[in-house]
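Written out below as structure tokens is the structure these notes cover.
Each chain gets a letter, A, B, C and D, in the order it is written, and its residues are counted from 1.
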Amino acid sequence: MSLALNKQELTEYLAQVFPQVHKDFVVEDLTETAITMRLKVEDRHLRPGGTVSGPSMFGLADVCVYAMVLARKGRQSLAVTTSSSMDFLRKPEGGADMIAECRLLKLGRTLAVGDVLMYSDGSDKPVARASLTYSIPPVGSEAAAFG
Amino acid sequence: MSLALNKQELTEYLAQVFPQVHKDFVVEDLTETAITMRLKVEDRHLRPGGTVSGPSMFGLADVCVYAMVLARKGRQSLAVTTSSSMDFLRKPEGGADMIAECRLLKLGRTLAVGDVLMYSDGSDKPVARASLTYSIPPVGSEAAAFG
Amino acid sequence: MSLALNKQELTEYLAQVFPQVHKDFVVEDLTETAITMRLKVEDRHLRPGGTVSGPSMFGLADVCVYAMVLARKGRQSLAVTTSSSMDFLRKPEGGADMIAECRLLKLGRTLAVGDVLMYSDGSDKPVARASLTYSIPPVGSEAAAFG
Amino acid sequence: MSLALNKQELTEYLAQVFPQVHKDFVVEDLTETAITMRLKVEDRHLRPGGTVSGPSMFGLADVCVYAMVLARKGRQSLAVTTSSSMDFLRKPEGGADMIAECRLLKLGRTLAVGDVLMYSDGSDKPVARASLTYSIPPVGSEAAAFG
């Protein structure tokens, strides 16, 4: 059990595969079974009333688990999200970044599962909870995407 | 059991409360227990490889159930998403709009639940499935948001 | 797209692989993409107040999707549940059987997804909604169970 | 933030409201925001092959969050499950009890959310993950059940 990519390598690879959105996200911390990421909240992430939108929080949770799988499996990974669940617990603060703490619960041969707690930066009360399942196709295969 | 807002009124109200994103969405059909909406797919909704992004699909499912609740409860509604689940079934086509068909499964005093099937326009194979729960605060109250 | 097992064959196979619980369940209807099953509600399925218990409803939804996968993939299947979500919509009636209507949304090489609406027999208002993902190991392999 | 019922009081109250099943469950540990419970695995909780059944694990997760809500809100609570999601991560061991560790993520006026990790006793690899939302009706009211 070890990392295929360290924090620096993972950051560079995310910039390469997510050119549209990588500037929104920062890898804050990375271990073999956990990752912490920051969503740099901009106006486009907000809803009326100044709260962070649901899709922005979904995107943050999704990228966390994806990044965790990449960090373990390496650059060749073509993992795709297959299932997700999310609970919205409190109103996020619009003026604050969002911090997501992800635990890798399972990294199997074909499926990976992570869960995520999200916080407004500076608060210790979770704003949302998510869990996501990724399907991992065999190396070199694109056909297996989406199971 | 009747609609508080018809299709035209609902469209106008969504434009008012979602100024950032309402142009992405079109109400295609509305009955007392179902709504069909279209996501007009633009470059900003895509991921590398040309598929519609997960957050874009989450946003479409979320707005469907929200619009359905508004159509039944009327303009005063301050409903907020509390829970969601989503399964990604097939790769969406990047060049096609997405069509979402939502059924209202429950409209209670304080909770509403809808489920959604999403398709690439022109295909009859579902690309994703979602279900969402909304919490409906008492009329005139903002305090009850997020339960 | 055709059935590997018809209703009679499926019923017999379920009796063989679920000796503890098969008598609780009846296959009412089966097509290539849908199955209807009945839970014959007994005292052991009830909670105080006479409502059907959550675990009993979860079990019904789970067996529906499993039976649907068996009907399509045939007897060799070692499919295991990997993800599920469930919404409880109304209080079920304790004195009535539960009827579950399952749609097969996806039957891929390695993953199958179905969703389920459950009703108290005789009512047309759904009591619960569920969706379940099954992982399907390659034929002859037990190793792939749980991905 | 304090407990309305301590471990002893909670155990006695569960025995009273769950006469059918309370002997299956033991409250192992209780704090203001977390509870650990044991499922004493018997033959009736097993599936062929000796693994703990999905419905048994669902029941364990459900009772954990319910017990946590009771411990905080007290005996009058009529909370009902409204939403749940569950991921099955590894094959549980049939010969071992199951240990569930639940965190209370939110305890609002009308909604409570907890998440749960489940382990085969003696192992540190999670067998399943669950999250559940409970709706909490106003004191003295049964009408609000199921939102």
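Going forward, contacts are C-beta pairs under 8 Å (C-beta built on N, C-alpha and C of every residue); 3 or more make two chains touch, one makes a residue touch a chain.
Since we're looking at a predicted model, the values are computed, not measured.
Compared with chain A, the chain whose C-alpha mean position is the greatest distance off is C. In summary, the pair chain B and chain D forms a contact in which both copies contribute largely the same residue numbers, shared numbers making up over half of all those used. Taking A-B and A-D together, the pair of chains sharing more C-beta contacts is A-B. Averaged Cα coordinates give chain A a centre that lies 28 Å from the centre of chain D.
Computed centre separation for the pair chain B/chain D is 32 angstrom, with centres defined by C-alpha atoms. For the pair chain A and chain B, the distance between mean C-alpha positions equals 23 Å.
Each of residues 82-83, 85, 87, 89-90, 106, 133, 146 in chain C touches at least two other chains. Only residues 82-83, 85, 106, 108-111, 133, 135, 144, 146-147 of chain C touch chain A when the two sit together in their complex. By the touch criterion given at the top, residues 17-20, 44, 46-48, 53-56, 58-59, 62, 80-91, 145-146 of chain A touch chain B in their complex.
Those residues of chain A lying in contact with chain D across their complex are 83, 85, 87, 89-90, 105-106, 113, 115, 117, 126, 129, 131, 133.
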